[in-house]
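Take a look at the structures listed below.
Next come two complexes built around chain A: one with chain B, the other with chain C.
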Partner chain A sequence: MPEFIQIMISGLSAGSIYALAAVGFTLLWQASQTINFAQGEFVMLPAFFVLALMSFAGFPLWLAILAAIALSVLLLGAIFKRLIVEPMISHGTLPLVIATIALGLLLKEAVKEFYSPLGQPFPSLFPQEVFVVAGASISIPDIANFIIAMGTIIALQLFLQRTRTGRCMQATAQNPDVAQILGVDVKRMVLYTFLINGALAAIASVLITPVYLAKFSNGEVLGVVAFTAAIVGGFNQIRGALVGGLVIGVVDNLSAIYFSAEYRQAVPLILLIVIILVRPQGLLGTAEGRTV
Partner chain B sequence: MSETILSVRNVSKNFGGIQAVREVSFDVKRGEVLGLIGPNGSGKSTLFNCVLGQLKPSSGEVHVNGRNVAGMRACDLNKLGVGRTFQQLSVFPQMSVIDNIILAGQEHHGTMLSRLFGPSDAGLTAEAEQMIAFFRLSHLRDELAGSLSYGQQKLVDAAMAFMAGPSLVLLDEPAGGVNLTMLGNLKERLKTYNESHDTTFVVIEHNMEFVMSLCSRIVVLAEGAIIAEGTPDEIRNNQQVIDAYLGG
Partner chain C sequence: MLKNLFMTAALAVSLSAGAAHAADTVKLADVAELSGAGAAAGAVWHDGVKMAVEEINADGGILGKQIDLVAYDSQTDPQNSRAMVQKAIDEGTYVLLGTVYSSSTVVNMLVAMQNGMPQITGSESPTITAKNNPYIFRTAFGAQKGLPKLAAYLKNVVGAENVAVVWANTEYGKGGHDAFASVAKELGINITVDIPTEQAQVDFAADVAKIKSSDADAVFVYLTEEESARFLIEADKQNLKLPTAGDTVLASQKVIDLAGKAANGALGHVGLTTEAPIPTIQKMAADFKKKYGYGADHNAIKGYIGVYMVKYVTEMIGEFDRQKFADTLHGLCLDAASHPGILMDACWDNTGEMSRASFLVKVVEGTQKITATLPAN
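Moving on to the complex of A and B:
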């Protein structure tokens, strides 16, 4: 039992970070029909911003993290939208998907080429200590990561539900033409969504990288996990992406211990296939009708 | 003489080699209810979209309250006091009725800071409830808009168009797909609103009975050009209009 509790807490901690990436994935889809297959690399990259700022500019960790979040908002939010999404979206969803796959490869190879092909240690944000509850060893980073990730998602949800801008962003996601007619600056709302995704990716990056080391290839796993979490939870619901992330985190950890550590990465994909076959709208998603 | 709210001056719209709207001009006075009718493909919706900033006219000008708005963004046009309803359902399906109505009015209130971080009801709950009551939707206040019947969603759509207190509202086939009971309610509410607020309406409609009983003046389009203009009685008896509808 103590082992099960440890696995669950560790899984929920990892899952809450996956949820950050999945929520960003979902937001981009809702606001602009952008399926961002570079999302994994978006989570990989900010950790290298932090390392570069600490190594080359001598920033302390906290300042490097703040600067990396700001850089991510600018580069992975505004510049990504301006240079990749805006020119491609008018050609349809598929060309944009291909463009984001290409961007992911570019970012991965650029980090490998210009920073390092080797995994880099990343400073932990929290003391590496454990405390024991009911016989289970709980690590402080797991708890802290969970609190920060969930706090970020709850804050985002409150922003979307309780502020006028948040409501306008929801309106833009649900019916952009009508939102525009009602006076909502739809372009600005879509931009806000990209900026938020940049920030979410950066927060996920600084939380997850101490666990994995900073590696150019981190995005491969994280991208699949974010996509899977979004599909499992429901592509058109933030709370769906949250649940999807948590489910993937827990299932991933449970399968590593009770099934096979070798095949642990296959288990979320099996879950993805089952969900698509049984409940294509996801656990919490709603079915969408499209005229073709 | 009452003030001109909408002035359409020599508006044309081409799509490649096809001229969808040809040199159309008309004025609409404050408080007037103008019908815009014509057979399918006559250019009504294209003209509507040119007026609303969703299409940029190839030539010509559109003035709202004396200001040339041709090519202006729809969101900016809304802030000038222009509202619209849609031919297709146009509510936000995952929001409640009250939230839909509040959203429709909120962009006209407050500063940039309050838009970013202010409370989501923007202080408009009481006003939105009045609007809901006006359209007899109070019993549906907290229902998700997407769960309402087609006719009820049309009423929500109309309430949304009026929430920002527009001086001009363009109604795109308000009667389309609405059952007879709901249609009578909608027409009566529109008339009451027009009389009580002196709001100007321009209505595109295929339902002749609806448009003839609601509008004080009618403009008829065929093949992108105006072929007739007059009171409902004059239009009913106009041979050119009859020929256009019968394909003569």
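Moving on to the complex of A and C:
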């Protein structure tokens, strides 16, 4: 039983961070039909902003994190939209998908070339203290990661539902033409979505990197996990991406313990295939019809 | 007419300059993991290689020729490493240095062997020297030599009867795992949990939880640098109190740098360490730190030794002859007193396997502390 509790907590902690990345995925899809295959690299990169600001500019950790979030909002939000999405979106989804794959490779190789190909230690944001509950060792970083990630997603959900700007963003996602007729500044709302995705990626990055270490290749794992979580939960629902992230985090850990450590990476993908076959819209997603 | 004459003269001068340059240099290829999952090992190995090359060139080179070092990035991909080895051979390397990852070396050494190319590797998997390859030579002894010492330590000093084993599911990891399992059986150590992990695995939460719930009284870790650090960080996070031991990598400087205080308490049997009370190693480590701004680890020392192996053996045979190089190195012993670049007395047998003294270490407050020096076996 302590083992099960331990695994659930570790899985939920990791899963809540995956959910941050997955929510970003769904936001971009809903707002602009952008499937961002560079999302893993978006989560990898801000940790290097933090390290660079600390080592080259002498920033303390907290200031480096704030600056990294601001940089991510600018570069991974506004600049990404301006330079990649806007020129490509008119050519359809597929060219944009390919462009984001290329962007992911570029970011990965750039970090490798200009920072380091080696894994880098990343300072922990929280004290490494552990307390025991029902025989399971619960660490403060696990609890803090979960609280911050879930708090961020809940705050986002409240923003989207309870504020005028949030409702305008939802209207834009549901039907941009009607939203525009009703006076919503659609372009601005889409931009907000990209900015939020940049911030979510940065938060996920600073939470996950103390354990994963900062490395240029981290995006490979995180990108697949975020994409899988978004599909499993429901690509068109924020709460679906949230559930998807948590499910993947828990299933990954449970499968390593109770199924096979060797095939642990396969289990979330098997889950993905099953979901696509049985419930293509995802656990909490809604079916979307298309006409030609 | 005059223009043609000038062009012909310029061409002749440039060709003769190129020929003179080629005549004055000897090419050494270093095929290493400069990117990908193995970069933590390969990049440091390569820095060790570069430092030795610069020292040797400053001292007059090998038989009067300057070393022309060419780096090839295997990207930690066995198939790519094979292609890079072929490229290095085609481009005329005298001896091949690398690779460090056993899963690459076991693939690319076949190409070197088919071409009669001496290859000096940093790999430690037992399989490397068990394939009757007359051209492969180690810079550190294989796991099958080090692990009996570590297993005896776990049994006799730590008092471990039940051991959890965490290992990389790669050529390197399989070699270490099988060697440890064999020795554990001989010594009556029970392996209670046996956990294979993936290359570049990032999440060790489940693995640590599994060990915690077992009845193991020690953990044997056989992972590469970054995975070792992630394991130690997770073990610290889950408050795993068991003695954690490994071969060279677990207590290496790179892992200590990455894992921080989580590395404290880790036990290791290391073939090479900059903490060794040996003046030649301490000088090399100080020079390395001054040159690159970070501490050398066993991979840096291995790369450094590899280049000096080329120098000493070539000067012994008096010519750049690959076959004579390989023949001479088999059964050779080099003492550090008259061959300081070797750093510690070392011998190679007819399979290219190496014998050298080794150390038991414990990580205390971020540094390796040597607890015992063990004789060569």
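Rule of thumb we're sticking to: the second predicted complex is superposed on the first by the 292 of 292 C-alpha atoms of A that agree within 3 Å, B and C clash if a C-alpha of one lies under 4 Å from a C-alpha of the other, contacts with A are read in each partner's own complex, and residues count from 1 in each chain.
Just so it is clear, a residue touches a chain if its C-beta (ideal position, glycine included) is under 8 Å from a C-beta of that chain, and two chains touch if they have at least 3 such contacts.
What you see is a predicted model, and the numbers here were worked out from it, not measured in a lab.
After superposition on chain A, the partners chain B and chain C are accommodated together without colliding. Contact with chain C, but none with chain B, is seen for A:Ile257 once the two complexes are overlaid on the shared chain. Aligning the two complexes via chain A yields an angle of 150° at the C-alpha centre of chain A, spanning the centres of chain B and chain C, rounded to a multiple of 10. In the superposition on chain A, A:Leu213 contacts chain C only, with no contact to chain B. With both structures placed on the common chain, the touch criterion links A:Val274 to neither chain B nor chain C. In the superposed model, A:Val184 makes contact with chain B only, not with chain C. Of the two partner chains placed by the overlay, only chain C lies in contact with A:Ser139; chain B stays clear of it.
By the touch criterion stated above, A:Thr165 is placed in contact with chain B alone, chain C being left untouched.
In the superposed pair of complexes, A:Ile154 makes contact with neither chain B nor chain C. Of the two partner chains, chain C is the only one that A:Lys112 touches; chain B does not reach it.
For chain A, the partner with contacts to more residues, out of chain B and chain C, is C.
Taking the two complexes aligned on chain A, the least Cα distance separating chain B from chain C is 38 Å. If you check the complex, the residues on chain B that touch chain A are 52, 73-75, 78-79, 83-84, 86, 90-95, 99, 102-104, 106-108, 110, 114-120, 122, 160, 164.
Chain contact summary for the complex, chain A toward chain B: residues 161-168, 170-171, 174-175, 177-186, 286. Residue ranges on chain C touching chain A, taken from their complex, read 34-37, 39-40, 43, 169, 195-198, 200, 202-203, 205-207, 209-210, 212-213, 225-226, 229-230, 233-234, 236-239, 257-262. Across the complex, chain C is touched by residues 2-3, 6-7, 10-11, 14, 112, 117-121, 128, 130, 132, 137, 139, 141-142, 210-213, 215, 217-218, 221, 252-254, 256-257, 261-262, 264-265 of chain A.
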